[in-house]
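Going by the order they are written in, the chains are A, B and C; count residues from 1 in each one.
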Amino acid sequence: MTSPTTVQNSQVQNTQRKYSPLKEFWKSFKKQKAALVASIFIGLLIVIAIIGPYIAPYDPFEPNYNALLEGPSASHLAGTDEYGRDIFSRLIVGAKISLMVSFSAVFLGLILGTILGLISGYFGGWVDKIIMRSCDVLFSFPDLLLAIAIVALLGPGINNVIIAVMIFSVPSFARLVRGATLNAKENVYVEAAQSMGASHVRVLWKHIFPETISELIIFVTMRIGTAILAASGLSFLGLGASPEMPEWGVMLSSGRDYLGTSSHVVIMPGIAIFLTVLAFNLIGDGLRDVLDPKIKNN
Amino acid sequence: MPNSILKVENLKKSFQIAGGLFQKKQYVNAVIDVSFEIEEGTTFSLVGESGCGKSTTGRLITRLIAPTNGSIVVDGKEVATAKPSELRHLRQTVQMIFQDPYASLNPRMKVKELVGEPLEIHTKLSKVEREKLVLEMLEVVGLNAEHADRYAHEFSGGQRQRLGIARALITKPKLIIADEPVSALDVSIQSQILNLLKQLQQEYKISYLFISHDLSVVEHISHYIGVMYLGSIVEIGRKETIFNEPKHPYTQALIASVPIADPTLRKKKIVLTGDIPNPKNPPSGCTFHTRCPFASDICKQAIPEMRKINEEQSVACHFVN
Amino acid sequence: MPEHVLRVSDLETSFTRDNKEIKILRGVNFSIRKGEIVGLVGESGSGKSLTSLSIMQLFHGTTGKIVNGTIHFNGHDLTKMSESEIRKIRGKQMAMIFQEPMTSLNPVLKIGKQLMEAIEMHLKLPKNESKHHAIQMLKSVGIGRAEEIIYEYPHQLSGGMRQRVMIAMAMACHPNLLIADEPTTALDVTIQAQILELMKKLKEENETAILLITHDLGVVAEMCDRVVVMYAGQVVEEADVFELFASPKHPYTKGLIASVPKIGDNKEVLDSINGQVPSPQNMPNGCKFAPRCNQAMSICHQESPPTVKISATRQCSCWLYVKKDVEVNA
C-alpha cells in the first residue's frame, strides 16, 4: 500500500469511447422523430429559398391574363392568382423573403438580448434594474401591437419590419439569458475562474455564456416561428413588403377578396406559413427534450 | 526569522442580510476578528464547524469578496484595500483549491484548457508553450499526457482533485488556499491527495492555508493551527501544542469529539450540549459561553481578549492564564 | 443460537440502463442480531447504500431490482413479500434514517404533523394520544422544547435538530431494526458526537438492532459491535470490531485502516491504496480488488476468491487465506 503518490498509475476508465458532445447530441436528437422530419422540411425550405429563382417554373412577377384565378392543375401546381401569376413560383421565391426577414430579425434580437441579459445577470445591482425594467416596459405591449407601432414610426418596408420584430424579441432573449446567467454564476468553477484572476469578459464569455447556449438554441427556433408570423402579419396589414412582392403575408392579404370564389389563392400561402411555423416549433420542442437540463436529468 | 507570505490582521467581514429602501438594514458578521500569519513553506490550518467563518476568511484573502475592515498583506503587499484592477499580483501569488472537484472544473473544457487557463490569463505564452507546461504539470500531480484531451467528467473524484491542484500550481504561486480539498473524497483517495500536497510543498516551497472541519486531516498536514468559532479565532498555535495541550474549552471539546479509528480508545466524550448559535444573533460576551461547561458571569458580559500564554500558543478565554 | 433480526444471503441487485442489466450488488451476505450495532463500511461505489435500499425495497422511480438472494427479517423473507406487506413492516418494525434529513422530511408540513402521521398510521392511536406520544418521542431524543418544535417547519431547525427529529420519527414505533445511512456525515463533529451518543442510548433502552452505514472508520470504531467491509458490491471481510482494527485480514481493509490519518501518530506520509474503485460496467475478472492490491497473485486476476471462515466471528474473501487446513465456504 505504501507507494509514493507520484507513481500513481491512475487510469481513466478507458472503456468509454472518446467523448464528443456533438455525437451525444445527435444520438438523442435522432430519437425525436417529429423534430427530425421538421428539420428535414426546414432544410429543404432553406435550399429552396437559396435556389428558388432558378427552379421556379414561372416568373413570379409576370402576369398572365389568360390564366386568372385558375385552380391547382398539372401546369400550375398551386393554381394562379388574380393576375394569373403562378402561386407555386411565388411561394418558392417568397420563402426567401420570409426566412430572411425572420432569421435576421431573430438573429439581431438574439445578439442584443444576449449581451443585455449577460450583463444584467452577471453584474446585478442598478445595471440589472435598468435593463430589466426597460424590458418590462416593452413586455407590457402585445407583441404585434408593438411591432405595428414601431413600423408606423419608422415607415413601412421590409427593413423596418426586421427592426420591429427584432425590438420585440430583445426583451425575451434578455430575460432568458439573465435567468441562465444567474444560474451559471452559482457554479463553483465561475468562482474558481475569478480567483485565478480572469477578467469579467473572460468569465462571461468562457464560463457563463456556454451555459446559456442550449436554452438559447431552443428559444431561437421557437422564436423564428413567431417572427415569421409577425412579419407575415405586418405585411398582411400593408406595413411590410410592398404589394407586388411575393411575400407570404402579402399574398394572403391580396388574395382575401377572392376567398369566396377561388379559395386556393389564400389557402396556399396559408399552408406555407402554417407548415413553416409548425416545423420550427416542432424542432424547438425536440431540441428542448434533448438539451434542456431540467428535462434531461429525469 | 523566516519570511511571512501572508499576514492577516483584525480581518472583519459583515454581510447585509436584509433591509433596503423601507426596511431597517440588518447585518451578519461572518468574520469578526481574525489575525494570523503564515511563514513561507508552512501550512496554517483554520479549523472549525460550519458557520465559523473559515471559508469566508479564505475568500477574503483571495479577494473574491472585499473585507469590511482589517489588513491582508500578501507577499509584502497590502491587498485588503486594493481595487479589483490592482489585484494582478495577488492573483498570481495566491491560488485556490476547492472542496468539490466536480463543481470547480468547467465541464465544457478539456483538461489542457482547464489546467492551462491561469497561464492564458497571466502570461503571454503561446498555445504550444502552454500545452507543454500543462503536460509537465499533469505528470507532477500523478496524471499523464494522454489525459490532456479529456473532459473533467471522465475522471474520478481523486483525479479531478489532482486536476484542481495542477491548475492551482501551474503559475507557481507562493500560497495556495485549500478550502476543504479532501472532504469530498473517499478515505483511500484522501490520503493520496494529502500525500501529494505535502510532497508538493517540499518540492516547491509552497505555503498552504488549509481550511477544514476534519481535525484528523488538519493534524496530519499542518504546522500551525487556528481554531475558529463564530467568526473569531479562539485559539492559535503550533500544531503539537494545540493537539497535546489544548487550552480553550472549545478546542478541547472539538478534539475530544473526533471519533478515533481505534475501538480500544473508546471513551466517554466531553459532549458539548446545544447547537452552534446562529451567527445572525450571536451570544453576548464570549460567543462560546452558551455551550461552555465552565462558563460563568464574566463570560456572558465581556469578550475575552486573545492572550499569548507561551511562545507557541495564544488563547481567547477568561479562564486561561 | 442467537436471534437474528436480519439475515441477508447472496443478495444481488442490479440496475437497467440502455437495456443492459448492470449488477451492482454481487452476492452480499451478513446478519444482525438483536440489540447489535453492525457497521457497513465501504467507499463510494461499494454498494453499501444500495444494500440498505434493497433491504427496505425502496427503488421508487429507479430501475433497481433484486435479482437474486433472500433477506430474512424476523424470520420472514422480504423478497417474497408483496409491496403492501412490506409497507406494513417499513416504518414500524424497520425504520431508516438518511444522511440529509431535509430530503426525507416534508418541507411544507409541521414537524408535529409529520411525526403524528407516522404514529397514527402504524400504532393506530387516537389523535390526542399520538400528539402526546410525538412530544414524548422528541423529548427522548434530547429536544428540550418539544412542545414548540411540533409547530415548526423543518427548515426552521438546524441540521442536528433535524437529524434528531428524523431519529424520533424512526424510533416512534419502536422498530426492531434501524438502518442509519451516513446519519452524521452532514453534521459538525460536536453535533455528530451528540447524535452518536443518542443512538447508543436509544439502542440500550429499546434493544434496537442498528445497521450503521458509513465511510468513516472513526464512527465505526466508536459505535459498532461488528463490522462488515464492502468493496465493489461484495462483502470482503466481516469481523468483530476489536479484531478488525487490531488485525485486519483483507488487504483492502488493511489499506483502508492505514489510510485514515489518526490524531497523535505523526506519520510523514500516509498509506494509501493505489488507483480507484472500478466502475460497475468495467469490473475486473477474478478478485475485484486485485488491480489495486499489492499482494495480488496470479490466481487473484483469474478467479473470485471464496469466503474463508477464519474464526467463529470472522470471515474474509481473499486468496491469501485459502489454505488446506482452513475450511472453505465456497
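Just so it is clear, a residue touches a chain if its C-beta (ideal position, glycine included) is under 8 Å from a C-beta of that chain, and two chains touch if they have at least 3 such contacts.
These numbers were taken from a predicted model, which means no experiment stands behind them.
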item: Chain whose mean Cα position lies farthest from subunit A; value: C
item: Chain ID, smallest distance between chain and overall C-alpha centroids; value: B
item: Centre distance in Å when subunit B and subunit C are each reduced to the mean of their C-alpha atoms; value: 32
item: CA centroid of subunit A to CA centroid of subunit B, Å; value: 48
item: Centroid spacing, where centroids are CA-atom means, of subunit A and subunit C in whole angstrom; value: 53
item: Two or more partner chains touched - positions in subunit A; value: 4-5, 8, 10, 13
item: Touching two or more other chains - residue numbers and ranges from subunit B; value: 156, 158-159, 192, 195
item: Shared interface positions of subunit C, touching two or more other chains; value: 255, 259, 269, 271-273, 276
item: Contact set on subunit B toward subunit C in their complex; value: 49-50, 156-159, 186-192, 194-195, 198, 213, 215-217, 219-220, 243, 253-266, 269, 271-273, 275-276, 291
item: Subunit A residues within the subunit B interface of the complex; value: 4-8, 10, 12-13, 16, 19, 21, 187-189, 191-199, 202, 206-207, 210
item: In the complex with subunit A, residue positions of subunit B that touch it; value: 62, 64, 87-88, 90-92, 95-96, 98, 100, 103-106, 108-109, 117-118, 121-122, 140, 142-143, 147, 150-151, 153-156, 158-159, 162, 167, 192, 195-196, 199
item: Of subunit C, residues touching subunit B in the complex; value: 43-44, 158-161, 188-194, 196-197, 215-223, 241-242, 245-246, 255-257, 259-264, 267-273, 276-277
